[in-house]
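Here subunit A shows up in two complexes: once beside subunit B, once beside subunit C.
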Partner chain A sequence: MKIIKENIKNYIPQREPFIMVDNILDANAEKFQTDFTIFSDNIFLEGDKLSECALIENIAQSCAAGLFLINMEKASKPLDGFIGGISKLFVFDLPKVGDTINTDVYFLHQFANMYLMKGEVYLNKKKLLECELKLAGL
Partner chain B sequence: MVLLNDFFTIVKHEESTGKTTIALNGKHVVYKGHFPGHPVTPAVIQMKLVHELLEFRLAYKVKLVSVSQAKFLKILNPEEFNSLEVEIDFTEKDDEILLNAVGLNQSLVFFKIQAFYTKC
Partner chain C sequence: MDIEKIKLELKSQIIEQLNLIDIKAEDIRDEDPLFVEGLGLDSIDALELVVILEKYHGVKITDETLGRKVLYSIQTMAEFVVAEKLK
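And now, the complex of A and B:
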């Protein structure tokens, strides 16, 4: 475990109620792994299911946290980051309250402060959603 | 969370052109976390408001299947831009809906989304 939930705010610019990542399990130059548990106060719940919006945001915040973690010697605090593009997105299923999702994000390409990342969200090894994100300003 | 009548309200809707003018609620709790002291409308919230406007047009619930492409071209700060014109073009085939949406304020384009949905 690289970063635990209690410290996640040191690694991402988002704050409650918009924090959609808990722990950074691993981060290296190719791949970041995170997890996130869905509680009943999550703003993206619809009934007992979590909206796909929260899963996309979870991938974006996993990227932000991992990028800051591996670039800490260059930046003193996490900068506000933005999703500039979403593509190749497929929704397979949605998690429920009480579920813990696992997310893998991979570097595809970097140009200056623009990053193209691929993200996959899993629940018990079953893929819930995948997409590519273009992120800027991290 | 339902955004309609909380995060945004419909100011005007023209069914013939598919254009809907919406007002953004800059005081919504989403902006407290994204980001503190610097409100920016999250891309995923822009996706969600398009989803809800599509349901408003269809008068039935849909779920997102895939996104071919979504582009977020300009930072949408509700203190700077508190309204948006959303143009939604869709085609229904069986239970599948192909959507093309553009979000603008005057001549400024904030987003372009192409996505597939299916009837719930």
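And now, the complex of A and C:
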């Protein structure tokens, strides 16, 4: 299943300039995959590099998009939620303007309206960042 | 099945999983509420407790109402583990 950038606002609650996901490349019950190209007007740029906060937000938005996509029969609109916790965070490198990052998100656990997800962000197959997110209220 | 051993394991696992660096296992009393008062956990931490029960003790909580009862204290969590294992 693929959702293109022009339609991404139908799948996440965020709006410009806070959108940190372009395309949903695939989504199934275990894993979601997205990509995102960094332009010079990104609000999370520090110099010519995207901050780690933006990469974490990219993972969170990838989670939101994927969870909505696989739950569309039950949910009528993009899912609102918040990051309840970040753990096991490792930052290896940061992307710069012009780069396109690829993000893999793995569904680890759900209890009530809370989700434990693992995210990995790559640039040309090199891992930039990984972490686990606790998401709530989705 | 030794419920006292399970309670000790749960305390250590909660401290490690939730990174409660200022708390020792002996600081957590069996009957004290885990949320708000007592240990002071919040609702998001409930997710970690469910993961601990499944990952380390092989028991699942899928129902939110049951979760509220089971995750009340170390005592209720340990009793749930014992009951599920005996099924």
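What to note about this one:
Convention: the second predicted complex is superposed on the first by the 137 of 138 C-alpha atoms of A that agree within 3 Å, B and C clash if a C-alpha of one lies under 4 Å from a C-alpha of the other, contacts with A are read in each partner's own complex, and residues count from 1 in each chain.
Assume contacts are C-beta pairs under 8 Å (C-beta built on N, C-alpha and C of every residue); 3 or more make two chains touch, one makes a residue touch a chain.
Fair warning: this is a prediction, and the values are worked out from it, not measured in the lab.
After overlaying the two complexes on the shared chain, residue contacts for A:Ile56 are found with subunit B alone; subunit C is out of touch.
Of the two partner chains, subunit B and subunit C are each touched by A:Gly85. Of the two partner chains, subunit B is the only one touched by A:Ile43; subunit C is not.
Comparing subunit C and subunit B on the residues of subunit A they touch gives the larger count to B. Once chain A of one complex is fitted onto chain A of the other, the partner contacts of A:Glu16 are limited to subunit B, with no touch recorded for subunit C. Residue overlap on subunit A between the subunit B contacts of one complex and the subunit C contacts of the other covers 84-85, 87.
Put simply, subunit A touches subunit C in their complex at residues 84-85, 87, 108-109, 111-112, 114-116, 134, 136. Put simply, subunit A touches subunit B in their complex at residues 13-19, 43-46, 51-54, 56-57, 60, 80, 82-91, 131.
Those residues of subunit B whose C-beta lies close enough to touch subunit A in the complex are 1-2, 29-30, 32-36, 38, 40, 42-45, 47-48, 63-73, 75, 115. By the touch criterion given at the top, residues 19, 43-44, 46-48, 50-51, 54, 61-62, 64, 67 of subunit C touch subunit A in their complex.
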